[in-house]
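Heads up, the next two complexes both have subunit A, just with different partners, subunit B and then subunit C.
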Partner chain A sequence: MVKEKDSVIKDHSGSRLLKDKIFLIGIIIFSVITISPILLIIGKLIVKGYRQISLDFLIETTPNTFEAMTSIANGERIPGGIANGITGTLLMVLLAAVIAIPIGLITGIYLYENQEKRLAGVIRNISDILQGVPSIVLGLIAYLWVVKHVTQGFSALAGSTALAIMMLPMIVRSTEETFKMIPNAIKEAALALGVPYYRVILQILIPTGFSGLLTGILLSISRVIGETAPLMLTALGSSVINWDVTKPTSSIPLLIWEFYNDPNMVDLIWSSSLLLMGIVLAFNLISKQIAARRR
Partner chain B sequence: MVNSEKITKIVLISVSLLIIVIAGGMVFSLFGGAIPSFKEFGLKFIVSNNWNPTEGKENYGALPFITGTLLTSVLALIIALPLSFSTSLFLGEYYRNKRISKIIGTMVDLLAGIPSIVYGLWGFYVLRPFLVSLGAPNQGFGVFTASIILAIMIIPYATSLSNEIIAMVPSDLKEAAYSLGATRLEVVLNVTVPAARSGVVAGYILAFGRALGETMAVTMLIGNSNLVPKGLFATGNSMASLIANQFGEADGLKLSSLIAIGLILFILTGIINAIGKFIIKKME
Partner chain C sequence: MLPEEDKNMNENILEIKDPVLTLEGLSVAYDTNVAVKNVSVGFKKNSVTAIMGPSGCGKSTLLRAINRMHELYENIETTGKIILNGQDIMDMSTIKVRRRMGMVFQRPNPFPTMSIYDNVIAGYKLNGIKLKKGQKDDIVERSLQDVTLWDEVKDSLFKKGTFLSGGQQQRLCIARALAFSPEIILLDEPTSALDPIATAKIEDLLVKLKESYTIILVTHNMAQAARISDYSLFMYLGELVEYDKTKKMFTNPKDIRTEEYLTGKFG
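Showing the complex of A and B:
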């Protein structure tokens, strides 16, 4: 009897503390495993890619596969660069931003102004669903809408359409969240003075929330810069620099895909990826910096 | 004056309705594009495992790609679970508000910024040879390799929500448990995690939705064989990857079948995301 009672109040704290320690060590190990890919990936890109990057790489267009083959056979550096991809990415992302930013801002303002309305709820839900649509499906949509009916062929405009639909829900959400954080008193003070509402939006809300809006926009841009799949179905690619939005256009990710599939050009994947990664990370970190300074 | 108010209102609402038009148009166009294929194959499209573009013997069935997509995504989620769960606890509980948390949190966020094609390259040139050296068949191509890369890609989506929720668990709940003599582990398992449960689950569901639609990295690693995968190390193909691979030379019935697959993918991700959002809404 007494013995049994002893065992009930037996001190387990030793094993409990041990379990506690083991669990914490497990957490730390798994967390290190989680972040290791980013270090490994960036390390690989730098080690394999930095040698190919030069001024020529930035300002010349892609070589054809024969030129690349000859230079490899002679043991020389592959000539040319990815200027057609850089300009294409610039063109398509800018155009996508021009389409998505006004629509996204206005929709975000509408949602902010009509929090409780049913229609606002519907729009918010649809925007959330749009955000989850896979980018390849957006590529199909832009193909069906723009490639088939507007430009009658693969085009930068079609690529931008896919990217713009991708950016839109992110901008809507960040706009609404930003405006929600602005104290109501600021807005009410202006309204009490009889300032018309469009001027409240343009001169009070947007300037006050500017850094928040900018963060959202930069983040959404950083998300679409690296998109490959939707552009394969819409912009297709081009070996020359193209500024005509109705013509096929290349982009940095599209070029990486071409290099990957061409045994003669495969050496160029690392430098192109390094450049792409650098641009994406720069956008990411700048937007983080702006967000951090706001707090 | 009154006029300008009216115009502002009309502009706000008409531009906002655009998003409904876009979404409605997407459904309409996908359905419209898929009709020839559904007319030809009917329900057989979903259950047939024969994808054959050879002229004369044309037949398109989506089963291999539906299974390929589900298999890689589920496996990716299973691989990602312990990693992102640990990371969430690291960031939201054990080292909350510490400098190290900020650094690790930023790095996890950066994972979300890496383009899919770069993940694919890394998987192809680093991960695949590594798995081959461990004895993986098919030169390292297959469902398993694709799933590992997918797991890395969805970790930031799985963690970002659960970090916040775990960090938001009220400290008096935890302190009550500590005052009873609970160890940190016991507090985490019996107080923090149950209190944050639905948020953590919602995060994983949304991450799963991401995995379903990933294209480039999967294309480069899954092996692109149009068959139902026979096992975890077998090759296969996913819906998104098939569209990317076969779109270039597609027209007629084949194009319609690819659009039909896009429609299935659209519906599938829509349902998964709706479930995730529903859980989040219920929490609020």
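Showing the complex of A and C:
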């Protein structure tokens, strides 16, 4: 029986194994191409930026261009750091999170509870469109709303508003998707105990989906932490540490832009970028870790 | 012809004296599809009543109508009366209704974020009812004793409920339903996801529990209905076909459809 088959059907196994190998090699090559940019970027940042990283870099404010020029002429490390940017980023991202998280969560819960309703469909679409709005446009909107009418000048609040609008659609979507993944049986179990609906949301859905919600929030933060364009139009920048939300404020990406425009500060670009990259990477890894543990 | 048929139908449906729960002309429709048609039946106190029938006959739909679970979904409409100890539950708030009727689902569904202890008193905790530590301990121990889970979990009360085996989880869910001391326990195929040993334990438990509760059990397993129920309801295509003492129905079914189902001609 086997012999008969062998004689009728040609043995292709040789060429098939070869094809298999070619595909495997192709896959490896393309995978390497895919991950190489991130490795090259991180490598470059470390090589060029590590020299400036020190305690001073984290706790001192930016030097002026003259100080930088002198130290370069003497072959020394540029003095000062980016503490004004670090604190500004912290302030604005925190404030944006405080604005965006409650609104995003509530909207997400609404969408989950009213899947089929027309209004929910409209909100879902608008939220998706919002995600596609260029960040500089959001900066312009925040400029018109907040800079011109609320704080009467460039301010951290205006920057936070722009960042919060960017965070919203991500939080809305991740909230809805997280809740959709919670088995209906759990919700019904609580309702069958005579638990009022708002308590089911607060005490069952949110705790059960907590890690999913947290992942969405962390990802949205890591998304906006590196935003520059909207902040140029709203927070402007500052050479001192500022905790007043109605005053102009700096941020790490804003400083990178400023350093880029100053030939004496070039070294600081790399170290600031390294720090920013590290923060974004950390947020991403933490949220991945949380998401993995959930499964 | 028609009136006679009506009479026949009524003859196949046992009348219960002093029922604890009565359904009067209960119908449930999903959009326009009527899943339960005009069911009128009384349930005997402190007994196990099994609702049997082939898949899609409306038995789960009927059970979920009793504690008004359908009201969560906008496309489901329930009509008719449900009378619990003389009161129409349609006039009560769903919250009250559900506290008087515990429900156990097809698959064990302990709250994944809660410990075994918290799962048992979840009814109190989630409703914001404050209890003293001693009261809580008493309720947890009594409920877990009732479901014969106490000895197995008393040393791990503060571990997550989801670490238990499927059968243990289902008993935990029954304990959760018992913690509120409901009058009626509704069970929707509670053993369909369990192995035979876990199933046997739950069955023994239900027989024991009927001393203090009224139990209504949906099952697709005829043998289970025969083993543990006192009364049986047979449903087909949304209709209540026959209702009788289980022994009588299994030995001498009146309706041809019941007979064919019980003898395995369809199902």
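Structural remarks
Definition applied: the second predicted complex is superposed on the first by the 265 of 295 C-alpha atoms of A that agree within 3 Å, B and C clash if a C-alpha of one lies under 4 Å from a C-alpha of the other, contacts with A are read in each partner's own complex, and residues count from 1 in each chain.
FYI, a contact is a pair of C-beta atoms (placed from the backbone, for glycine too) under 8 Å apart; a residue touches a chain by one contact, two chains touch by 3 or more.
None of the values given here were measured: they were computed from a predicted structure.
Of the two partner chains placed by superposition, only subunit B is touched by A:Glu113; subunit C is not.
Touch criterion met: A:Pro207 reaches subunit C, while subunit B stays clear of it.
If you count the residues of subunit A touched by subunit B and by subunit C, you find the higher number for B. Once the two complexes are overlaid on the shared chain, A:Pro196 sits against subunit B and subunit C alike. Applying the stated contact rule after C-alpha superposition, one finds that A:Arg51 touches neither subunit B nor subunit C.
Look at A:Arg77: by the touch rule set out above, it reaches neither subunit B nor subunit C. Of the two partner chains placed around the shared chain by superposition, subunit C is the only one that A:Pro183 touches, whereas subunit B remains out of contact. Overlaid on A, the two complexes show subunit B and subunit C touching the same residues of subunit A, namely 194, 196. Within the complex formed with subunit B, the subunit A residues making contact are 16-17, 19-20, 23-24, 26-31, 33-35, 37-41, 44-45, 102-103, 106-107, 109-111, 113, 119, 122-123, 125-137, 139-141, 143-145, 165, 168-169, 172, 194, 196-198, 201, 222-223, 225-229, 232-233, 253, 256-257, 260, 269-270, 273, 276-277, 280-281, 284, 288. Against subunit A, in their complex, subunit C makes its touches with residues 67, 69, 72, 94-99, 102-103, 105, 107, 109-113, 122-123, 125-128, 173, 176-177, 180. Note for the complex: subunit B touches subunit A at residues 1, 4-5, 7-9, 11-13, 15-20, 22-23, 25-26, 29-30, 33, 82-87, 89-91, 94, 104, 106-111, 113-122, 124-126, 152, 155, 159, 183-186, 188, 206, 209-210, 212-216, 220, 240, 243-244, 247-248, 258-259, 262, 265-266, 269-270, 272-274, 277. By the touch rule above, subunit A contacts subunit C in their complex via residues 183, 185-186, 188-196, 199-200, 203-204, 207-208, 210.
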